[in-house]
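Structures given as structure tokens follow.
One chain, chain A, links the two complexes that follow: it is found with chain B in the first and with chain C in the second.
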Partner chain A sequence: MAKSNEIKHREPLFHVVKRDDMPQWQAWLIRCATILIGFLLVGILSMAITEESFGDTYQIIFSGVFGRLFEGRTTMLWKYLQEIAILLCLALALTPAFKMKFWNCGAEGQALMGGLASIFCMINFGEKLSYPALIITIIVTSIIAGAVWGVIPAVFKALFNTNETLFTLMMNYIATQIIAYYVYIEGGGSNVINPVAYGNFPAVGNNDYFVNIVTVAAITVFMYIYLKYSKQGYEISVVGESQNTARYVGINVKKVIIRTMLISGALCGVTGMLLVAGKDHSINTNLVGGQGFTAILMSWLGQFNPFIMVVMTAIVVFLRIGVAKVADTSHLNSSFSEIIVGIVILMLVGCEFFIHYSIKFRHSKKEVKA
Partner chain B sequence: MIIQFICRAILLGVPLLYGSTGEIITEKSGHLNLGIPGIMYVGAISGVAGSFIYENACGNDLANMNPVLAVIIPFLCAIAGSVIMGLIYSFLTVSLHANQNVTGLAITTLGIGLGNFLGASLINITESELPSIALTKTSSFFSTQLPFADKLGWFGELFLSHDFLTYLAIVIAIIVSFVLKRTRVGLNLRSVGENPATADAAGINVIRYRYVATCVGSAIAGLGGLQYVMAYANGVWSNNAFGDRGWMAIALVIFALWNPSSAIIGSFLFGALCNANNYIQGLGTETQELFKMLPYVVTIVVLIITSMRKKREHQPPQSLGLPYFREER
Partner chain C sequence: MKKFGKILALCLALVMVVACFTACGDKTPEEEGSKEAAAVKVGFIFLHDEQSTYDKNFMDAAKKACEEMGVEYAQRTQIPESKDCYDAAVDLIETDGCNIIFADSFGHESFLIDAAEKYPDVQFCHATGTQAHTAGVANFHNAFASIYEGRYLAGVAAGLKLNEMIDAGKITADKAKMGYVGAFTFAEVISGYTSFYLGAKSVCPSVTMDVKFTGSWYDEQKEKEAAQALIAGGCVLISQHADSMGAPTACETAGVPNVSYNGSTVAACPNTFIVSSRIDWTPYFKYMIQCVQDGEAIKADWTGTIKTGSVVLTDVNEKAAAPGTAEKLEEVKGKLLDGSLQVFDTANFTVEGKKLDSYKADVDTDEKFEKDTEVIKDGIFLESDKRSAPYFDIRIDGITLLDENYG
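The block that comes next holds the complex of A and B.
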């Protein structure tokens, strides 16, 4: 007893212990609680800055996202779904690479190159090819463009173990400059390319974004099956867990790295194509608008599971559009929504701690008495 | 012409030097802080907010302003703002063992959002028609030259005509390399980055070293943002003007092979590359756009070369990017 008293003052107040696997439902309870706290915080912060009441703030957020849904007009809803689709598609594209522990920060550049390929085909082959042939050309070229942009860092990673985070980042800016060059040439010095009428994806039932949304839905299912049930998906997770294990069981690590980045880049290229051919019908350097980075966070928060990613992107895009509307109605800068999204994501990143670790407090005499 | 080009390159390079010196300190402790672009942004806007408040408190009159206070207030604000961001980052990554890349990117999103939001709010307050805030008075204090710089011809222009933040950047970089290489603190810091478990066993407080390294690194990086606004942009803040300098600062770390002294030369070289398109005769606007990719291409080439040579002293800290959990050794 005397001995324990002697060392007591050196014992810290609490210490952190790694948890054994927490049941899934408990983990999700923590995440949902974090999201709920996040939403409360969004309301409180908006209240403090805009001086609207809590209820009003949320009313504005909902009207910003869903618009006149209750009056029977669904234009805003489709726009919301379209925004989700683009962010989700980028996140899905990054997922196989991340699962392999390959930090592809170059989604933006790969999507820009895909978009460039699309607009190039639309402008140059628009009049010469029939519609189906043109669409096929657009699809094929943009996939190739994205894949090439993605595979360059992968080749160097496989051969020389070059740092891929910075390599892919730099490729973004090179792509941006190429787009700036192309826009200048094609726009005749005006830095604007007028919307091209050829090679646009068809509108289904008055809705321009239908093709985009269905495509991304299909990619979501494909990615789930690919990662979970295919042999290649299994190889990706083995390489991600331990390259030595992968080599030991006879997986060609270099081949897996290059193949996975081909897929990742190709899907980013598809995103660029969806943006150009399915939405803007034009291109500028801000086509992707920094969503490549948000997509990294989405992929991570989605635990590499495509269906969870759908939920996460839906929440983030909801906040992004809704809070931008709040900022707009109170004449604030729309960057307010970036701050909110940043805070909520940081909270979600932080809450993983409570899932993987638990805090054990010191059992001192005082506690016993109390 | 050549002198002017070099001076311009130095002016452009200094924010990168601050950013990469800060990032080197952080990386030496084993943390890859991708939040540097956001932290530099916050440093810049905090400095702007500080000097904005001070200028208004003096009634926007140059005569009322105390030169020392006009420099000190933005300086401390920039440091405070960036240290707060650094604390958020280190709390999440060191204490909560969160993934460093993800946290860093989220910090960047948050920082750029904060910068643009505060910037736009300040622009709103001034009710100016231009989308920018001009703090030319504060800037004039920041870019005061040495009194005898004009009299020494090209020598004076090349070495003595810069603002004091430029000299400070070089001094900080040299001090940091000295501390890292020659002192006990530096040795401890490097061992924390190479192998935290061993460092811990040797009695080094890993958590404290990582917190301090990240916060000091963030403070230095934040000064880069301040130098950009006050010296390069003559005190004019406009949203998104800072651009991708933060990412280039991170790239410069690899270019300099984790040595702040080499980062001095590297940052001036990057500055020159960023600026080359304005000084090469007979370039059309479209070719200029292509020339602007030069610094990125050079970074990639350096990345590839350093990874091919695989020299031991040129490698990143061994446990860079890995969280340290004592009970998991």
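The block that comes next holds the complex of A and C.
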């Protein structure tokens, strides 16, 4: 084949074309199908490895997530909702920043600082303040701590245009070390702070996590309204689309960046508070357990819509707990559940790609061979 | 929002389908087994999974003990030291119907006590904890083993190896320096490396030791780097109290003899592995199961020993160990068994050049970490006597701490 000829007609094997024409219902059909295929795949992979039947696998997954719900025992259901609430709260916290195209990768650290403020108040003011005063102190200080940790990178971004991705990531490590040091001081030689009896969120009807779940439900609704209907929410979208446009229409971009990160950090701080005052009553460096990073995915997969995020977090947490139970029942390595959840998340991310882009293949057969 | 409803409908449909599976194919055990005293199901809570040698040691023992006793068991791995431990215990009790709960990590303790208060009919057992003797919760128990005896024996093997090197002219007696990779500067680790050192010193009097801490029970890279730093600093033999393969593999690469922990590493380190001590938890698991089957109370503090089969050594690797090591270990083990030899005999070590006559250790957990209990009696430091978890935290002469790490 003549070389010059080839160059003239060279066309890549395929090329990617952006498409905006897919109707909404079709996009949702693809997403639902992906989720269904994902669930089928979970069952099939588990079957292949554990030698349980498909039905048994799902029975184990469901017993892992819901326990004996059908016998009227709701403990595990609440635990499931609590796990959703925490991941969701972090995803909600990140959303306004992401919508503004500010890549906040520091949810982990901001939540840790919120948690640190909570435990500090519980330990130091627990005996001195009345219960309502203590709770208010915890709420206020946690919000401030998270907001401060979030706003530091934002100020640097606004004033000096520093890279916020690296900055927020580095702030995580600083927060982790501060917690490690605090645990060392309070733990006195051991690396454990025993649970503190003061400033715990109340159990409602024998259920420890009710307050957390209701709080996050309220934040979900608030965030939906804030982003969709408030002027500030609109400003965030405009800054995210184009900072120049924003400036042209008279939006103070620096102010919006700083204000939005204050909110983002504050909500991360609230998550830390929910984990400390509403769950552990103690703290260690593993408090957030990497969920600050999973939350980034949740925010994206939820397309910055709080209600879709509820569904996405519910699916991911369901798989995380359920497949971990499969691994435990079959005495598998815990990497098993991480791999399975990873596959499903990858599928979800992949399906977004095919919704927004189409792939056009080269037509002529001859050329394909060449 | 319509589309959102669709997903919801789909999810609900899925829930229903699987609900049918669950309802039809129910094979879970009958009501919480309290009808017969003999019905025991053990629930194990592990901090990591079998990738950690620490947890694997517990998991192997759990499997063995439950198989030998013919009881069922369930497990939860990767349970952090947080309320998740409490939740896991509740799950094991309510979903799996367990009536004994065991957790393997120090930080699980307080959360396990909370669960013990909520379920007074279930027995809760906890390894390495310190609060059972003061918590006043009748169904909560601590357990540990006199692993310092095992480390002492491993130290003897190390000392013999040093003697062999001195005799062969590879090092002079004053260069007999060992290195030790520890996790944290806690009593558990201090007690371990001190007994190891005393074991080596009993056969090689000129030995000294450097200690480095990683600040983690499991960090392969840090453990490897610490071992390499110790070797570079002139240590001719390495041991460790951390859970990864970091230190042993660093030793194999450098050709430096290694005394291991938690089990044999001979497969990965055939040329440098000498011997390893470990706690075998099978005797304790059998004991707690037996107690529940017989309706007897489990001890608040249980300390396994060489005698109970809780403290064990692996086979000596003849390729790396000094000749006659196995025989010598048998001899020393005999002395430990009949009580004629005490690891922490104050005659065998000094602190700042002086012999210790009296020492108060922090035995009872409190907020101020007060040193509350006299632990030296008749010239012997009574380790694991006042409670099962170690409390020897004295810095003795001959051991240099290159750094400290509390996590």
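Here is the rule we use: the second predicted complex is superposed on the first by the 340 of 370 C-alpha atoms of A that agree within 3 Å, B and C clash if a C-alpha of one lies under 4 Å from a C-alpha of the other, contacts with A are read in each partner's own complex, and residues count from 1 in each chain.
Just so we're on the same page, a contact is a pair of C-beta atoms (placed from the backbone, for glycine too) under 8 Å apart; a residue touches a chain by one contact, two chains touch by 3 or more.
Worth saying up front: this structure is predicted, and the values here are computed from it rather than measured.
Superposition of the two structures on chain A shows chain C clashing with chain B.
Touch criterion met: A:184 reaches chain B and chain C at once.
By the document's definition of touching, neither partner reaches A:80: not chain B, not chain C.
Legend: residue contacts after superposition of the two complexes on their common chain; A:324 is shown touching chain C, with no touch to chain B.
In the overlay built on the shared chain, the residue A:120 is in contact with neither chain B nor chain C.
Judged by the touch definition given at the top, the superposed model places A:210 against neither chain B nor chain C.
When the two complexes are overlaid on their common chain A, residue A:342 makes contact with chain B while staying clear of chain C. Of the two partner chains, both chain B and chain C are touched by A:333.
Looking at the shared chain after the overlay, A:297 reaches chain B, while chain C stays out of its contact range. In the overlay built on the shared chain, the residue A:198 is in contact with neither chain B nor chain C.
Within the three-chain superposition, the chain C stretch that clashes with chain B turns out to be 242-250, the only such case among 206-214, 242-250, 296-304 or 350-358.
Counting contacts as defined above, chain A residues 180, 184, 189, 331, 333, 335 meet chain B in one complex and chain C in the other.
Within the complex, the chain A residues that touch chain C are 24-25, 28, 31-32, 35-36, 39, 55-56, 58-59, 61-63, 67-68, 70, 73, 75-76, 79, 180, 183-184, 187-192, 194-195, 208, 279-282, 284, 286-287, 289, 307-308, 311, 314-315, 324, 327-329, 331, 333-335. Only residues 32, 34, 88, 92, 96-99, 101-103, 105-117, 119-121, 124, 239, 244, 247, 250-251, 254, 285-287, 289-290, 292-293, 296-297, 299-300, 303-304, 307-308, 310, 316, 325, 327-328 of chain B touch chain A when the two sit together in their complex.
On the side of chain A, the complex with chain B involves touching residues 16-18, 103, 105, 156, 160-163, 165-167, 169-171, 173-174, 177-178, 180-181, 184-185, 189, 293-294, 296-297, 300, 331-333, 335-339, 341-343, 345-346, 349-350, 352-353, 356-357. Interface residues of chain C, counted against chain A in their complex, comprise 1, 3-4, 6-8, 10-11, 14, 18-19, 21-23, 25, 28, 48-51, 74-78, 80-83, 87, 90-91, 94-95, 106-107, 109-111, 114, 184-187, 362, 365, 368-369, 406-407.
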